[in-house]
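What follows is a group of structures, each given as structure tokens.
There are two complexes below, and they share subunit A, which is joined by subunit B in the first and by subunit C in the second.
Up next is the complex of A and B:
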């Protein structure tokens, strides 16, 4: 029985289902499956065990993606995360080489990251007129500078013994610990974003900061928390990166910020704030990781891989706009 | 509420597709693996990989050329992989990808001495032979390193050249790269060690300038040296960027100061000659083609089981002759290519087109 609006109980679920498939996330899932089929076809070495073994290094960037998505949804940006990773990794290596127990080293690494994020947050919330891009650009330079001074003239520090870090890079069967950690954290961050008041506040701030403020949201406090969490997660990423590299140098974490932002944007999260879902970002991250591993296995020139990733990113930003244009056009035709 | 449902469903879809994807690849695995083993048995071709420092590095490309030539001539297969960026992190990804492919040997020119250790240890555990080339990894993460020339040899050769060009006495200066560069500092230390000889007592080292391997900064530093020390006779620049910049400054200024050091023939050809109008009488460098070739022979000897990388072993490297593995300064082992190659006005024209 169709009502006045043309809707009926019977055809409503069908439409929602259609919507789910046609949503950006739905398309990403399809793309993810397509990429995997493609990689299996191009290389017989694209096997589960190999992909799992190569994954840990790439997964460190997912740790940054999670809080970065929060920041982008708030309409902010943080480009200092790569330097925070570098500084935290440097501190962890230096401390561990001095014979400090491993538990304390883990704390030092995480706290260094969190402190850096807190500094970003404090500056941005105390002086709200400053653009986050410029402030984090400045702290990016500062954090890396401190790391370089700590590293000294050699520009690199390596673990004299790696027992503790070897533990982190361990595996259950063939699955590295870090994979479980990523799944748990990704689920946690997603639930917080789409099922709690805190998550809804982020969307509110991103859509209209002033309106959110008048609606009683403690905008600056929320921003401070998110920036600190970003720092903390950068520290965690540093810890896991050290377990892969057994050391740190002046180029550690270079470009992490841009990779994380690219993954988020590819996943449909708008840099203008207020739009997008973390699920999309996470699927996008796995698409990029699988594509990198797969194309690496056929020894494709890395510069070509970068170009392919770049084209994917441009398309991902362009396509929704084109679709929206088509939709508007067809609507206006209907109106006539 | 609806949004939540959508989100949850999508998460579930992702997990399902991931498992499905893995399931597929798992199922494929047996079949493809068997196929690969068969393929390898059929051809018997060994696969040798070379991991370079960065893409678009002419010096590295020439090494890769020599490496590829000798291995392909011997019937092996070569994979040359450039990292995404000139960092150790990017090299780790490349090495892990090569482990997945199950290559027989990896030869690497490291961007960082220690950062590749975890990846390379994993490769060695997988039975892959690891050798270093041009820029060493630490002793724990390699079987053997192919060294272009020993530091002491470079120090002695350059001091002799300075002595000869300066006419036995006078002031001279060094134009280096960065103050932290491991190889530069080792060579400068070797020169200072050689200088202790009485023969060089009349030579005076005025300053070690750092041009950071940037053309502009190296030019500025050269000009500063000229104005600070009017009696300067020789500048020695053991870096290709520095020597190129200095050669241009000296020749454009019609300076009487002469230049020597380590440089690329193609870049220095127009400044090389014995007359007063040329700034560089002669200079040195190892032959990168031979370095690549020796790297190739070493990798093959490791894979054949001819050598294990232990001190005292020796092997035949084709036309290059016999080489012995000796103890390296860092506690590991190395093969040294040989004496430096001298480039002067008599041979520069044939070499300037090569590299």
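Up next is the complex of A and C:
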């Protein structure tokens, strides 16, 4: 017996190390390195400075991924974020063109986003029977509709002067501000999710809403907060998107919601709720961004990139399921 | 007295009848404001332009009934429609019937892949169809190869949407046919009842001997075939084919179902409901410009209407439940 227990102690560190590599996040890190090697091989332009220059355009989606991961972990979904980005960007551009000081414009942009998220949250928490998919589908149409009305018949607005927004898109050396912002926010969101009561509550709600309620968690208040945060982050994404695009139109932010959900799912977060880690989602986001930049550099048709992303998304969920099925089958054969 | 009460009760409890009342009131209100709405030509126009949404809504009904969702429909529609358009442009296939068959086959294949991934691979429907949405749309772009199909390329095919048989467009005949087929299938065939059984309670259905994954596969393939039909119809109605056609239409289709009282969690909903939901959306889209609301505000109004309908639905459901409880107390 002693020998056996001794062996298990001796094996312990190795097992933990193996577990780390074999976990979904470990696989993603390996995939991330593989994608980078692949991109370096296919294009001589894939260098650190070029990647950093291309990055701000894509990083805006990471802002949405962070709160979207919270929502998915709670077992909810929000498909209105793309429209919130569109509305916030429209408001910011219109306000700035009217000569409102830049600080106020930033506030308008963030508050618009937060108000939209709050509306989603209020409807969903007052009428808990409603599925989030349908409510955010309706608000998706409404928010983009309001943006369309604001934009008028032209359907687009461009900044007449861009001083303030140019300030946001500035750089420290070669690294744009937005990269720092993403890193800080990603770290913050991850810590809140895995190390605070609030984060653990999200998992509790996602695993079993009723049990969480009986355990004394204010489920509806938590959902309201998370939806408002999602709106706020969408406003932030809109602000940075405007600083890249210097304008907004009716299709701004189209498909952001799907991209954010795809990143989260690829990162191992289940849309059923209660499962997954934000770290995985963030690594997955960077894999997708690197792949897009790399394949964009060799002028590959963007549609082919979409096809690759779609297949990756389905496979990332399908393959573990199949492996699990095979394992179960072989186990049952052994039992017999 | 008793009968009177029961009529009121049927109106408030039956989703389809209350929706029909809403639709009639809506049409009446629009007609008073603008008499040109209720003419034969205008109604035929309205139906023709919304055939795609309405046909797809009935396929989506099947999927929502088993508690699934399919957001790849607009993409598989674009893929099959684009392929049909390109085949006609280069004169490979001229026969209209054959074109429909090819498009249905492509759509069916798309649906089959979705269905296999969801029913055999146990992937959540929203994830599987989201991936498929990217893939099929991308394939549509690849098929198009930076070209698009114009009305001239289509030749006689664009008249398919305009030609009439007994005073009704072929397109609308297709719509009527699909709805008749689904109405019969959902109500009186074993397959249709199995779909309801799976949606209401998966475990019970499984224990009673229904092969759940086959039913799931069936509804997704059916949706794909309908998407194929709609792809061809969309090409002829808009007399052009572009890879980005009907982008984002899947949300309209789901909205039509939800307005028609189809529950997203499965088991509740009917073919008549989907039809009425599609009609309400179509009437609203047609009526807004007539009553003087600018085209720009249409989306907002549409969104608000969807929101109001679903919230009203919850409120009525709550009152019904409360009344039922009260009756039991007495």
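Just so we're on the same page, the second predicted complex is superposed on the first by the 319 of 336 C-alpha atoms of A that agree within 3 Å, B and C clash if a C-alpha of one lies under 4 Å from a C-alpha of the other, contacts with A are read in each partner's own complex, and residues count from 1 in each chain.
The rule is simple: a residue touches a chain if its C-beta (ideal position, glycine included) is under 8 Å from a C-beta of that chain, and two chains touch if they have at least 3 such contacts.
Predicted model, so just to flag it, every value in this text is computed and none were measured.
Asks: Tell me the contact category for A:328 with respect to subunit B and subunit C: first, second, both or neither.
Replies: So A:328 meets neither subunit B nor subunit C here.
Asks: After lining up the shared chain so the two structures overlap, which partner does A:145 touch, if you call subunit B first and subunit C second: first, second, both or neither?
Replies: Second partner only.
Asks: In the superposed arrangement, does A:306 touch subunit B (first), subunit C (second), both or neither?
Replies: Both: A:306 reaches subunit B and subunit C.
Asks: So, A:252: does it touch subunit B (first), subunit C (second), both, or neither?
Replies: So A:252 only meets subunit B here.
Asks: Is A:271 touching the first partner subunit B, the second partner subunit C, both, or neither of them?
Replies: Only subunit C; A:271 stays clear of subunit B.
Asks: In the overlay, answer first, second, both or neither for which of subunit B and subunit C A:293 touches.
Replies: First partner only.
Asks: What's your read, subunit B or subunit C touching more residues of subunit A?
Replies: Of the two chains, more subunit A residues are contacted by B.
Asks: Figure out whether A:47 sits in contact with subunit B (first) or subunit C (second), or with both, or with neither.
Replies: In the superposition, A:47 contacts subunit B only.
Asks: State whether A:244 touches subunit B only (first), subunit C only (second), both chains, or neither.
Replies: A:244: touches subunit B, not subunit C.
Asks: Looking at A:167, would you say it contacts subunit B, subunit C, both, or neither? Reply first, second, both or neither.
Replies: neither
Asks: Same subunit A residues contacting subunit B and subunit C, which ones?
Replies: Comparing the two interfaces on subunit A, one with subunit B and one with subunit C, the shared residues are 153, 254, 301, 303, 306.
Asks: Which residues of subunit B touch subunit A in their complex?
Replies: So the residues of subunit B in touch with subunit A come to 2-4, 6-7, 9-11, 13-14, 17-18, 20-22, 24-26, 28-29, 32-33, 35-36, 55, 79, 81-85, 87-90, 92-94, 96-97, 99-102, 111-115, 117-119, 138, 179-180, 182.
Asks: Where on subunit C is subunit A touching in the complex?
Replies: 69, 117, 121-124, 126-128, 130-135, 137-139, 141-142, 243, 248, 251, 254-255, 258, 264-265, 296-304, 306-307, 310-311, 314, 317
Asks: In the complex, go through subunit A and note every residue touching subunit B.
Replies: Within the complex, subunit A contacts subunit B at residues 16, 20, 23, 25-26, 29, 32-33, 36-37, 40, 44-51, 53-54, 57-58, 153-156, 158, 162, 169, 187, 190, 194-195, 241, 243-247, 249, 251-252, 254-255, 277, 279, 282-283, 286, 292-293, 296-297, 299, 301-303, 305-306.
Asks: Provide the residue numbers of subunit A that touch subunit C in the complex, in ascending order.
Replies: 77, 123, 127, 129-131, 133-135, 137-142, 144-146, 148-149, 152-153, 254, 258, 261-262, 265, 270-272, 301, 303-304, 306-307, 309-314, 317-318, 321-322, 325
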